[in-house]
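In what follows, structures are represented as structure tokens.
Next, two complexes with chain A in common: one pairs it with chain B, the other with chain C.
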Partner chain A sequence: MSKSHNFRDIAVISVASHQTKILSQVNEVQLMADLISRSRNSAGLKQEEIGFTCSGSSDFLAGQAFSFVHTLDAVGAVPPISESHVEMDGAFALYEAWVKLQIGEVDTALVYSYGKPSAGSVIDVLATQLDPYYVSPLWPDCFSLAGLQARSLLDKGSISLERMSEVAMRSQKNAFDNPNGVRSSEDISLDDLMSEPAIADPLRKSDLSEIADGGCAVILAADNKADSLCDRPAWIKGIDHRIDSHTLGARDLTRSPSASLAAEKAGRNSDRLDIAEIHGITSAQELILEKEFALEDETKINPSGGALASDTVMASGLIRIAEVASRIISGQVDRGLAHATSGPCLQQNLVCIMEGK
Partner chain B sequence: MTESHPSPSPLSKKVEIPESIREVEPVRSIRSPVKLVYDFVPSPPVQEYLRSYSKKRILGHRSPIDGAVFVPPRGVDPRHGVLIDEVVELPDRGHVGNFCVTHLPIPGRDDLDTPYVSAWIHLDGANVGFLGLVAGCDNDEVHIGMRVQAVWKKEEELGNTAENILFWKPTGEPSIPPDEAGNRAWDHDK
Partner chain C sequence: MSETEEPLRAELTVEYPFTRTTGDVIGAFMTGLREKRIFGIKRQDGGVLVPPLEYDPVSSEPLTEMLEVSQSGVVDTWTWVDPPRPQSPWNVPHALALIRLDGADTSMLHAVLVDSPSDMSTGMRVTAIWEEERVGHIADLTGFVKEVEESDS
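Then we have the complex of A and B:
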């Protein structure tokens, strides 16, 4: 980003997340009460010391109107707080909080998001986000659309079935050490994966993200405030989001120009990347993103296992940011890229570059 | 669609319709029905509450911060965003915190004559209201602070639902002064 804008330095200083196949012992409010208080406690902040609170969730997913208002019970909104909500992945709520911090009125923000897809059919819920005249009435599920995308890539010769399975294998092995990894394996082989039957041809089960319930809470702080609350803040060096056409037929599904542009605007090329947490709901989408972000061998991709290992609609993107930030905060890595997507076939993309000082 | 629909608003420019479809009835609207099915499983505190409610017992949650009691229990103190696990049992008696006389029928509730009175019932020992109907007296006798008690459904009709209390009827006890009635959770620790 241009220096002439006098951007404030803003950092992720604390994160908490949880993902599991089916959340049965607690509801969304109880889950988030726990995660929000953990993130606040590790930053040493009380809710009344937080300048802005922003969340991301979906009423269609929850099956309940204004469901995010219920979840405010988990925040502790008394005395009254400054609050906002996006019907998008929490990564986009983080962007709103980042803008709010840039305005300079507040120095700290709480961002959280959550999803409980186990309560319904998430692939049908996602069909309702499509063009309501020509596409949505056909009820194409998100994995079938991603299957068409993967087929286009194969036809074009830019990926192979083997490369897809390699990505699936990377996810399962990396997720093995991740307590939030729902689908993981220490010793799965390429042969195991390539012998699975196709579900949304050419995509096999392991090529599709593993749907999971869960949530994530993140604390942001600006300038000296971040330094005073955290030994090694994960400074946001650049954040940008871009969008491609809603009309699937008008796009080249083998590419994601909005992802590439967001990465460029966020300053992807200014230095090396130690890690990248990229958000694709299929192995083929991860391959598109690797190319759009020009990721090289020096960058470890999805050390958490990524969304393929556990995909919580509305939170998977924010969790990517949390995964990169927590590794910077702990000193494991110096610089990383986090990516979040929304919409069908990588339509909307957000890129956040973070760095330890 | 053959039903009448309002005409679309006039366009700024005249549209030339291709000859091939000039005799065809214009499409003025489409229908694309959406049906989504959910399998909602109440959280453990809600399950415990509903099971007890089916046995005419009303459970609440006591805040670990200041002891305020919330009913029905939700597992959190919404003022502070902290988890609650202390369960308290509340009596099926209390007072009217505030109320509303409604003249419009509720769709599907043909058994409910209008006008009816809905009210926040403040159970003895609770710090927030509990939504219910007030009956058993003339509507214009209902007032803030009026003491009431639950009229439950018949034993065989009780179940794990929010519908086990038919309505709340006056007990005839002296009323609570209006400035002491109603929601007390928000100034509980003052």
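Then we have the complex of A and C:
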């Protein structure tokens, strides 16, 4: 974020999220109607007081063009709204809302995203985002591609199978206190995890994210509006997203330069971080991100359990932002980094750094 | 509606009813596959990108100079796919690998057809095998096999 412009101060003032293994008998509209109401109510806002609404979801997963239009029912039929949508994780919808707020014509925004992967096979659906001539027709699932990445890291010697299992264990233990944590355990041991068979060799089941249905809604507000609606807003000090090449074979899969650059541009180095919520679909990806973000012992990583514990396509990134924001709003922590990823093998990355005043 | 009534159901086939032209670079690669040949494209720094792209994925320079590369190369990294994915060209468990062909500086994604993951290792040499009927598609390549097996047969 360049300092040569006068940026408005924008904060997350309220969040609501829900994740579970399978949402049966509940459709996307019902799920989001509840979460959107909760986020608006806790901010004390009605829909007519919200200047911009932006959502993220996957038509490819729903199998229907413009499927997000149905979910707009969850916002309410009236009043008419100013609205946009991304076929991306809701973290990128939040970036769009942040830009809209920076323009200065509105002071509040609602951001939400959701996914219901239980209705299909999301690991195969994600193959449709790949190169349409050379890669998509081979239908590599996302965990297999992440397996290629994990082996590159192991071959290079930058991680070990044991380090991967330590990350998996951290996720399961941290998720134990998280009501949205789908895969959690209070007392799982490293031996338990390391004796699992490989699923996407060298990745074991616990190294892969636990796929979950769910959604998230977030309210943003600018300047005095944020102060008037929230005792301790989670101010966005920097937000940035960057992308690496689409061509897997031309990338060094052991690194994520776009994640590192996004963190630098978002101001990662300007102060300490109390927590970091990072979005990887494998334990190996979390290890890459820890390195790209230069996270040290002073930073608690994925206190929620992260996406390994509950991974909702199109919502996992926005939920990372919500997890950091809610801990700042409640006064538990002062400063944190939230990260969202998109594309295969950490191709595209967004970093959002928030702090309480 | 009574509570025991089944919900209405309807078949839904997701279609993509459009055709695309593949252009000078991807089209030339696909035509090559039909003729059992694999082409790459030269980058500004002299490196060779396989499969070829119209623009360099790093520098974004337009690329034009195509050249043929070997059908054998090394496995840069691999994983094991079991069960095979339902829409993929393969119906048996197989390795998925990034393969750097001799003469290429980047690697391409394809299958290595071996019996078990214990037959796989990073750095192993593999060679292409082809479908009988080729149509100009990435799956004209049946996959890759261990190079030594190829020379034995």
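Everything that follows uses one rule, which is that the second predicted complex is superposed on the first by the 353 of 357 C-alpha atoms of A that agree within 3 Å, B and C clash if a C-alpha of one lies under 4 Å from a C-alpha of the other, contacts with A are read in each partner's own complex, and residues count from 1 in each chain.
The working rule: a residue touches a chain if its C-beta (ideal position, glycine included) is under 8 Å from a C-beta of that chain, and two chains touch if they have at least 3 such contacts.
Predicted model only: the values in this text are computed from it and were never measured.
J.: Between chain B and chain C, whom does A:77 touch in the aligned arrangement: first, second, both, or neither?
T.: So A:77 only meets chain B here.
J.: Give one of first, second, both or neither to describe whether A:176 is in contact with chain B, with chain C, with both, or with none.
T.: neither
J.: Let me test your reading of the model: by the given contact rule, A:133 touches which partner, first (chain B), second (chain C), both or neither?
T.: Both: A:133 reaches chain B and chain C.
J.: Touching A:7 in the superposition: chain B (first), chain C (second), both, neither?
T.: So A:7 meets neither chain B nor chain C here.
J.: Scan A:249 for contacts with chain B and chain C and give back first, second, both or neither.
T.: second
J.: Figure out whether A:63 sits in contact with chain B (first) or chain C (second), or with both, or with neither.
T.: Both partners, chain B and chain C.
J.: Based on the superposed arrangement, let me know which partner A:34 touches: chain B (first), chain C (second), both, or neither?
T.: The answer is first: A:34 touches chain B but not chain C.
J.: If we overlay the two complexes on their shared chain A, which of chain B and chain C does A:125 touch? Say first, second, both or neither.
T.: Touch status of A:125: first partner only.
J.: Starting from the residues of chain A touching chain B, keep only those that also touch chain C in the other complex, and list them.
T.: 63, 121, 124, 133, 137
J.: Quick check on the complex: what are the chain B residues that touch chain A?
T.: 30, 32, 34, 36-44, 46, 74-83, 186
J.: List the residues on chain C that touch chain A in their complex, please.
T.: Residue positions touching the partner: 12, 14, 22, 26, 30, 49-51, 53, 57-58, 76-81, 85-89, 96-98, 100, 106-111, 117, 122, 137-139.
J.: For chain A, which residues are in contact with chain C within the complex?
T.: For this pair, the touching residues of chain A are 63, 121, 124, 127, 133-135, 137-141, 144, 147-152, 155, 198, 200-203, 245-250, 253.
J.: In their shared complex, at which residues does chain A touch chain B?
T.: Going through chain A, the ones touching chain B are 24-27, 29-30, 33-34, 36-37, 47, 60, 63, 72-78, 118-121, 124-125, 128, 132-133, 136-137.
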